[in-house]
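Heads up, the next two complexes both have chain A, just with different partners, chain B and then chain C.
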Partner chain A sequence: MTPVQGAGGGAHKASLTLALGFVAVLFGLHVLQGPRNVPLETFPALLFDRSPASFDQFVILHLRLPRILAVVMAGACLGAAGFLLQTAMRNRLGEPHILGLNAGASLAVVVLTAFPLIPLPVAAKPFAASLGAFLLFGAVLALSAGGRDRFSPVRVIFFGIALSAMANALVSAILILDEDTLEQLRFWLLGDSAGVQMSAIAAAAPTVVIGLVGAALVMPRLAALSLGDNLARGLGASVKRTRLIALLMAALLSGSAVSLIGPIGFVGLVAPALWPRLHNKPSVAALLLVTLSGAGLLLAADSLAAGILAPRELPTGALTGLVGAPVFIWLVLRTLR
Partner chain B sequence: MRRINTIERPFCVLPDARRAQEVLASKLSATRLAAGFGRRIVIRDVDLAIEPGCLTVLLGPNGSGKSTLLSTLARLLPPRQGSVLLDGADISRRPTLEVARKLGLLPQQPPVPEGLTVAELVGRGRFPHQGFLRHWSRRDEAAVDEAMALTGISHLATTDVEALSGGQRQRVWISMVLAQKTPLLLLDEPTTFLDIANQVAILTLLRRLVRHHGRTIVCVLHDLNMALQYADRFVFVKDGVIKHTVADPKQCTGAIIEEVFDTSAIMVPHPQTGLPVFLPRYPDAQGAPA
Partner chain C sequence: MSAGMLVFRLGDLSVRMRWKALLANTGLAALLLVLAGWALTVGSRAIDVQSVVRWMVFHDLGATDALILGDFRAPRICLAMLAGAMLALAGAVTQYQTRNGLADPSLLGVREGASLFIVALLLVSPAMPLALRPVVGLAGGLAAGLAVALVSRGASPLKFVMTGFGISWCLSSMLVILLASADLTSLQSALLWLAGSLQAADWQSVRIAAVILVFAGSVIFWLARHTELDDMGEAVATVLGTARSGPRRSTLMCAVLLVAGSVSVVGGLGFVGLIAPHIARFLPRQSLRGQLVASMMIGALLVLAADTLGRTIFAPVTLPAGISLAAIGAPLLVLLLWLRRDRTEDLR
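Showing the complex of A and B:
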């Protein structure tokens, strides 16, 4: 008999358990972390008594929990988006920040905040951010589709960086001219999780769910695509449609993450890179693994950002950049020989 | 790394008389076909009916359009004119998954994906048979086991594909298309870059699939002599058009070879089978290489 394959659930059981345990531990540590020392006895009480009588309870339920939930969601989205981009483009350096999805989403949010043509409901923000991500990455793809080396990793990354620079320049210009918007978005633009509201989390939930379910459904097609365009077509997986679905889902996920805690780099790169044998085996279990890894990585980064210079806090995005950029350089040295 | 002997079967020529009980029905044909890349038309005016239950080879000089013809037959390239018919219906209008259950394709030298075991790669051939949620079923498992047994690679199931030799990799790829369980198989140069033992093993396997498993196989081959020993039907392509279609290797004459390949050749019969073998003809005995 041949070993377990296809769905691949069994093969990743140990790694999945490990990743889940890691996320749970980080979650627990993060809840306990903060300038105010909340005694452990408060926690069991939270389960039974929801009256906002005590200040400890208020801190946990309204300050720490939303922040941690937002970080978990954004990290999961970035990990899944990175995996989608890397498998759909067959490019191990694919990542929402480098390929321009984050810059597109940021630009969309900044434009809508600075020039509110219609009063935009909170619930529409993740969709607007996703649309921005999709449009900018669409432009990156249109530019890199020509020539013999269609969608070669170097081309896609080059145009991703170039268009990100352009979008970021527009963001800077808008913010310099509009101080109100700058005040509102200053920290968010660096990737900041402090002060996330429950309403923002609820608003992002639909796009996160659609993105993750869509990603899970497109996994078998991406597995066929990993054999090359011609074999994928021979197996009956339409290459164009598969790529389009994967990129739409990546845009929804990046947009959700950006709308929650701003443009965060490198989590989408590092989460799949933790499991180097997964790239040619897209499956629902593999997606779950990178999703959990992304959540764990961003939780760890957020914990460090909040604690390393306590009581002062660093923006989370600054920390992921500090850790992620060297990983990116290492991957470039290894991949693009 | 462990060296694995790739020659599982000795050289053998199967008796021609034995035919499979039933030929899996699926008919592939092309009418007034033209196709190409960009502005360049590579093949034109192709009328071709693939004989079910036969091993058909496409032969011709480099750049003659054999691979382009195969790609068009496999719906990888859209036709510029005319159409490819699979069981009477235009292949480009049928759902691609439905086509993938009838027609399997192995492109030339596919890149080997990193980190996959033999069984995992062969299992990818099950894609068109799996439902919406793509659950791995017992039938999938059986198809993979059978495909690996046919090519003699069952003992390599848990080995990394990257660790295999060229001949073994080719068997893995063929197993993958076999796991797809299609009546029709289109293979682009399945023996190129293989040593003679591996070429013999692969061609013997293809013949066995045709004779005993009712498959219909079309492949592009470069080695004219090897093709003549194993195939049933021969389609000679030159400058993008079909020059000759021959239904018996013994009807392949020096004149045809000369016309198609622009080279002079001497035909000698194979000492055991009498099938033709072509050798280069020199202007005079002195002109022969020392």
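Showing the complex of A and C:
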């Protein structure tokens, strides 16, 4: 076993470098992309010669950077959340969109926007979204826990889809009854990154950090879990508590992603699937790799969504769905009986 | 053998029915009639029962009320019931034929495929005649259904359903992209229709829906004998002399046609095809044809109830039937899955 794992560590290093390189390249391309041609000299000037009068600098700092930062953060969150769900539930089809976390988070955000019972600070939005994600996913888990075949992948997915549909119906109903909310959230609901503001990014930063650090901390225990529940118990890991922490972190991460750029599907499915060797081998390096891949994937999707039909923008969520759904089918055909 | 059975004879023909099942179906029909009558009376202008009866029987009623009843409420109610019956019949026969409690063409991409084709056509030529929509929708629905069947060929029922989910996600992403890349002016009608709204119901769409339901329904009922034999297993079916794939293919084609037809007149209505047959299974045991009839009536009940609630609860704002139906249907589905959680044929 040891030499294989040693080789795996080396491969991890190479893969990590590769993923990091991809993210950097995509980041650079995305910064340069847009209706206005920003000359390359602007970038050194941004560092050494900041001037509020320069329109080029304004475009980069206030329009492009927030968007790209939000996309990177959301992609990282979704990738990590997908990996957490998949390893904690031993289900390669686990993903925040499919299992209902995204729908729960959107419902929470829409409800809070439409019925502001207490004036909620912007900073609370990611927490509220995470709470919604956790509640809906909790309901999915509670329903799929009964009877024989508890938590079988199909059952969890089916309840996830049914409860997502219910949450989405509530969202549509609220939006039809309340036009102000519709105006505010219309594009966000399709998964749209244009127009993200720095304040939203700052608000989401704490939950993102908590979620990612928590995910990294729970990885060793998840690794024990991947050996099977009984063996994990023998090794002294608390199976229930580990799962609960992992799922909490997944809810935090998908809630932050949803609060940033709306419900976006399939990034959490595709990012871990890119590295088939990581399957059921949780480690901090693996988490890092999947997080980077998620960021890279969403950057690529966002860049395409902004670029394909420029000047018209497509919703980023539609592009991830278009690519992610076939990956889902492929995984279904490969992994299910 | 004939205990608990009723036998009707007409010359050489005879029909056997279980009287319990007959009673249940009659009850359903009565419930449907009552609900339809109630739906006629409620709305932004309340019209009492006596006036409705007068309008139906003697055709003498004030011009305004007659207009409201005849041109708005009656076609809307008819369309709701027809759409519900179509979706439920499609779901019931597909579930039976594929022996898979989760198979429902409107869940497995057929609805999205039909929507995609119709929206594309709406955006290209907004003035397209209404009667053309089912044809285009059928093409899209068949394409999606074929894609699901081809991709999951020879796979387990479970993979089949999951592949259907995948294909429908893929198609709905395409739909969003199509809508996002369209001009705002042509978008309006497409969006209204997509939400599964019965607001635009008129007698023409009722006629289209009725023709499709009668055609596809008669084929399905005519082939019901083959479908029932099929259920006994391939060997038995072959020995008893039913053709192998012909009737099966026609039945499934008709199910797709039903879904495409309902999509083309009322847009996306979810859940009916999945839950109506399951509710029908709570009724006394009956033959396949009886089950199909019961499912149709339950589907009609569901859509009519959802639409009537949707237009009255938050009046003057009207919720599209697709939304109120999801709000009713999703909890029902969850409840059903919970109640039947140990019946392995549903979830495996």
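FYI, the second predicted complex is superposed on the first by the 326 of 337 C-alpha atoms of A that agree within 3 Å, B and C clash if a C-alpha of one lies under 4 Å from a C-alpha of the other, contacts with A are read in each partner's own complex, and residues count from 1 in each chain.
Note that a contact is a pair of C-beta atoms (placed from the backbone, for glycine too) under 8 Å apart; a residue touches a chain by one contact, two chains touch by 3 or more.
Bear in mind that the values here come from a model prediction, so they are computed numbers and not experimental data.
S.K.: Touch check for A:V209: first (chain B), second (chain C), both, or neither?
M.R.: Neither: A:V209 stays clear of chain B and chain C.
S.K.: Chain A residues in contact: does chain B have more, or chain C?
M.R.: Of the two chains, more chain A residues are contacted by C.
S.K.: Return first, second, both or neither, reflecting whether A:L120 touches chain B, chain C, both chains, or no partner chain.
M.R.: Neither: A:L120 stays clear of chain B and chain C.
S.K.: Is A:A224 touching the first partner chain B, the second partner chain C, both, or neither of them?
M.R.: In the superposition, A:A224 touches chain B alone.
S.K.: With the two structures laid over each other on chain A, which partner does A:S152 touch: chain B (first), chain C (second), both, or neither?
M.R.: In the superposed model, A:S152 contacts chain C only, not chain B.
S.K.: A:I176 contacts which: chain B (first), chain C (second), both, neither?
M.R.: Second partner only.
S.K.: Is A:I161 touching anything from chain B or chain C once the two structures are fitted on A? First, second, both or neither.
M.R.: Touch partner of A:I161: chain C, not chain B.
S.K.: Please name which positions on chain C make contact with chain A in the complex.
M.R.: By the definition above, chain C touches chain A via 102, 151-152, 155-156, 158-159, 161-163, 165-167, 169-170, 172-174, 176-177, 180-181, 195, 270-271, 314, 317, 319-320, 323-324, 326-327, 330-331, 333-334, 337-338, 341-342, 344, 347-348.
S.K.: Chain B touches which residues of chain A in the complex?
M.R.: That would be residues 1-7, 220, 223-224, 226-228, 230-231, 233-238, 276-281 of chain A.
S.K.: Mind pulling up the chain B residues that touch chain A in the complex?
M.R.: 71, 74-76, 96-101, 104-107, 110-111, 113-117, 119-121, 123-128, 130, 134-136, 140-141, 144-145, 148, 157-158, 177, 180
S.K.: For the complex, give me every residue of chain A touching chain C.
M.R.: 93, 143, 146-149, 152, 154-155, 157-159, 161-163, 165-166, 168-170, 172-173, 176-177, 190, 265-266, 309, 312-315, 317-322, 324-326, 328-329, 332-333, 336-337
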